[in-house]
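Chain nomenclature is as follows: A, B, C and D, assigned in order of appearance, with residue numbering initiated at 1 for each chain independently.
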Amino acid sequence: MAETVPDMRELGAELRNWGRWGPGDERGTTNLITPERVAAAARLARTGTVFDLGIPLDGDGPQPGGARINPIRLMSENGQEQVLPGGFRWADDYVFMPLQSASQYDGLAHVMYDEQLYNGRPAGSVTVKGAGYNGIHHQAKGIAGRGVLLDIARLRGVDWLAAGEVIGPDDLDAACAAQGVEVGPGDILLIRTGYRKKFLTERDPVEFMKGEPGLGLESARWLHARDVAVVGSDNWAVEVLPGEHDGALFELHMVLIRDMGMTLAELLDLEELAEHCAGDGVYEFFYAGPPLKFTRGIGSPINPLALK
Amino acid sequence: MAETVPDMRELGAELRNWGRWGPGDERGTTNLITPERVAAAARLARTGTVFDLGIPLDGDGPQPGGARINPIRLMSENGQEQVLPGGFRWADDYVFMPLQSASQYDGLAHVMYDEQLYNGRPAGSVTVKGAGYNGIHHQAKGIAGRGVLLDIARLRGVDWLAAGEVIGPDDLDAACAAQGVEVGPGDILLIRTGYRKKFLTERDPVEFMKGEPGLGLESARWLHARDVAVVGSDNWAVEVLPGEHDGALFELHMVLIRDMGMTLAELLDLEELAEHCAGDGVYEFFYAGPPLKFTRGIGSPINPLALK
Amino acid sequence: MAETVPDMRELGAELRNWGRWGPGDERGTTNLITPERVAAAARLARTGTVFDLGIPLDGDGPQPGGARINPIRLMSENGQEQVLPGGFRWADDYVFMPLQSASQYDGLAHVMYDEQLYNGRPAGSVTVKGAGYNGIHHQAKGIAGRGVLLDIARLRGVDWLAAGEVIGPDDLDAACAAQGVEVGPGDILLIRTGYRKKFLTERDPVEFMKGEPGLGLESARWLHARDVAVVGSDNWAVEVLPGEHDGALFELHMVLIRDMGMTLAELLDLEELAEHCAGDGVYEFFYAGPPLKFTRGIGSPINPLALK
Amino acid sequence: MAETVPDMRELGAELRNWGRWGPGDERGTTNLITPERVAAAARLARTGTVFDLGIPLDGDGPQPGGARINPIRLMSENGQEQVLPGGFRWADDYVFMPLQSASQYDGLAHVMYDEQLYNGRPAGSVTVKGAGYNGIHHQAKGIAGRGVLLDIARLRGVDWLAAGEVIGPDDLDAACAAQGVEVGPGDILLIRTGYRKKFLTERDPVEFMKGEPGLGLESARWLHARDVAVVGSDNWAVEVLPGEHDGALFELHMVLIRDMGMTLAELLDLEELAEHCAGDGVYEFFYAGPPLKFTRGIGSPINPLALK
């Protein structure tokens, strides 16, 4: 049932976590992943079955060009023309890529509005040299903890939701109920919209990037109430696009990243994991998804593991 | 006591794992990390204390230039010049880097000799497009399992070993005994030489890359006998340099990667972990170090987590 | 009138310049630009009017992604965060780009067939390290000489020719006659199809790259008979696409580059120059278009000047 | 004889060309290269002898790493793994490079002080997106005109001047007299210090970049009085380093680029040209050195031609 969509700035003010972990905090909601929760989460790796949630990094990815391109990996050495002692020959490669072109974290310097970043830092602190505050390297010790998958596509009985379809608190509650799982403090919550399947089926970056199903603004309250640490999805921006307000853009990004200090995980591949969870009915797992430690970086490519 | 250094080609033939996991295998010794071992390893995360073993990716890294450079991260957006609906502003960044310039895996297509790669693949299968076989993406579901740290610098009572100092089976045995830990099948073995501390102390890439302390050839037998899955170190090539035979180069690379099919982890930062292990006397932990899924890639940057 | 389209391999054998400038030659038809011809050409700069024939290097270029992308220029310094003696501040930038993504030369290592390059060099001499022979750096002292524009779009009275439209010897002769100009030895011949105007009008890289009007195979004989040194165009491959033979690809490239040893200039902007030539009736000029000296490079971005 | 070194800010105020070519000008002193001067200059190409003044773009260049690296060119295609209709095979390459890592222009957005760029533009107009004003693309129709070489190393009878050696007005006058050449309005003036020979002899980027001989501050008056359009050199910053005032940095850059609006050409190879000029006694020539049209770029790599 269509509820009133919250005003973004009011919602941001309501859910703002600035100062919650101190005035100098640069980590935001990953502070919620306490050692106790990590230890408890590790015990969810019961059978040692591993799922890799990253998508391949190559030229066949979802970027249509423009602001971001797919990673370009080029060989610098392949053994040709090498004459080295003892017959040793070697291969090596380089990559040029946006840090947010494939499976990735959006760090806390990624989004700003009204001249501020998370924890009240000035927007101008993001310079040509990178993030003066809230750089992705502050997440270096993470992100590992309890993961929960909510399979909204399965809940709705579709291969994938359509672009513009809003996922709201009711959907999240319904998925929890249907799956028999609860979402709690410090969790890494993964939302499956089926959009990865759409891409794998259609292989059309332009179509894939036109819009997407995803979380609506109201869901921010739901995440905040449960103290979720990280939210990830198989779409490219976690949130629904086009958004719920005409004339606005990435409003959930603004509330989650800038106000709540929440790291997002995007462009994940949840297909194999979802299949397995549907099979055994277990939708929780140990999530281990460390970012690369790009000093002052805005984001990081990732290949998170889910261990059941 | 100085033993005779094995002949590299004889040693390679002796320890060769080709065919052991089937003629089509492209993963090598990470096959040893079975689900059972993963599940058991996860239980080592007892307190949820997390150590990040990756070094920072920035311009102050250990690469002196030449074949490899330090990562160059550049901003494409920082909010400047953006006029977007609703006040949304964003930052984004790109990186250009060798896949093996910071903490990294050496994949199984990284080294060849006598015209062959691991599992008998032809050297020519590594083309300008990348690894035809043994690409790093085949390690996508890993590398997670039981980690063991052997702190050789501590064993010898030095800040760091000197370039050219060989770490042999006796050292490994002595470290196991001193630390009260055993190394077994499927383990990810991390060798601390102290060379990261050397770099952090001296901040001199040219000096750092001149040579290094590390494993000698004989240690390959030790690793093979215990069915170690992955060996990593805080130096840049795992093995001792200059090597044990004049007129030879990277002989242990050739045996480990090409013959045994072992993935290596290099340029790790083991300082904080080692300090902690010395404190509580526990040298085993859960290691979660997924590579990025570079299709046909030779290596991957990593930031492995050690969880105790 | 439709003539029979020559067989590519027969035509290549007929027009082959291998050995013409010695067995070790790596420059091909630019050998035809003798000092005397350069000096004579310089006198064509009568009024000092300068036309820049390069297209802009930025994200709005004609590359749709895939094998080639538009240049990505990123700032490394813009004065932010600099505190330097005396108040000095500076800006700096990097580029990542295919060497053939904008106005460019195709060097003589760009095309191969039947295992050979220009002058009989083995195809395998182009390795992961670049051109073993015929690298673009061999054109370092050029390319400067007499330029001639043949404006085929104007001849046909259209804004631009359509993709697949063949430009043949009759068109070239007709343009020479209509324009009152002759094409001779050592000339840099520029063919205007209007396709740059098409791109500027439509701004659609995908459409632009689908095909193009251009020279047909028979024109190779015409160029060879006149000892043209370099042929350039405002399309992206000089030659007509789709080509004249079903089941073949870039046949004129194969004859011109591999057999004749001719450097091509592509993706030029001839609009302003053509307008001026139509105004004063003078279709010859001094052309100065040096490549960058990429050692072992396959091509080079260029911004050639036409001076009248 | 040691004269008093001018105060930089006073000198800048004295020689400032802001507004000289209109309030909206973004080209600076290249406005002095009028069509008449271009036409006259072209007649200096008397014998058609061509000299290429660019240095090679490859990994053996003068950049020691840090702020700038040598160009990294990598192959994306070399014919391997291609199965294309008609036997066509092709090679292609990419480059990643600072725009000012080899022979280059410093554009007019390269240097700022006291919050302003050339022609009074605000320093803040150079953003993460590039030059808001004075971008290198504004030099697209150039730089071609009369070139004059002043061979100071030859004048002093040395292979190369030492780092820190100042070239002053007296040296420039003496070189003009010794060579029988005059420098006038719109000229592209090339200063040979021999520092390219030093690099070619020593092949030591760190040593090469430690300092350099070059123009002193007083020379700015000399250049201004003669309305020189562009000054270039075989060193890496045109000016003497360390500079003439303690506690100051790149003062001549500030005066020439920011106040006078002069484009600089750096890291040229003047060896072959100088040898020829010494042989025939002719030190003037036609200079054709177009920059690549990087939209909003700070600089551009170049390979200028000198034609005699």
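Keep this in mind: a residue touches a chain if its C-beta (ideal position, glycine included) is under 8 Å from a C-beta of that chain, and two chains touch if they have at least 3 such contacts.
Predicted model only: the values in this text are computed from it and were never measured.
Asks: Chains touching chain A and chain C alike, please list them.
Replies: Chains that touch both chain A and chain C, as defined above, are B, D.
Asks: On C-alpha atoms only, rotate chain B onto chain D and read off the angle in steps of 5 degrees.
Replies: C-alpha superposition angle, chain B on chain D: 180 degrees.
Asks: Validating interface symmetry: for the copies chain C and chain D, is the fraction of residue numbers used by both over half? Same or different.
Replies: Interface between chain C and chain D is built from largely the same residues.
Asks: Using the touch rule from the top, work out which pair, A-B or B-C, shares more C-beta pairs.
Replies: Of the two interfaces, A-B and B-C, more C-beta pairs touch across A-B.
Asks: Averaging over Cα atoms per chain, report the distance between chain B and chain D in Å.
Replies: Those two chain centres are 45 Å apart.
Asks: Can you check how far apart chain A and chain B are, centre to centre, with Cα atoms defining each centre and the answer in Å?
Replies: 27
Asks: Whole-Å distance, chain B centre to chain C centre, using C-alpha means?
Replies: Chain centroid spacing, chain B to chain C, equals 47 Å.
Asks: Please list all residues of chain A that touch 2 or more other chains.
Replies: Where chain A meets two or more other chains at a single residue, that happens at 72, 75-78, 94, 96, 127-129.
Asks: In the complex, go through chain A and note every residue touching chain B.
Replies: Within the complex, chain A contacts chain B at residues 8, 34-43, 45-52, 54-58, 60, 67-68, 71, 73, 75-79, 84-100, 109-114, 123, 126-131, 137, 140-142, 144, 245, 247-251, 253-254, 286, 288-299, 301-305, 307.
Asks: Residues of chain A touching chain D in their complex?
Replies: Result: residues 72, 74-76, 94, 96, 127-128 of chain A touch chain D.
Asks: Using the touch definition from the top, list the residues of chain A that touch chain C in their complex.
Replies: For chain A paired with chain C, touching residues are 59, 64-66, 69-70, 72, 75-78, 80-81, 96, 127-129.
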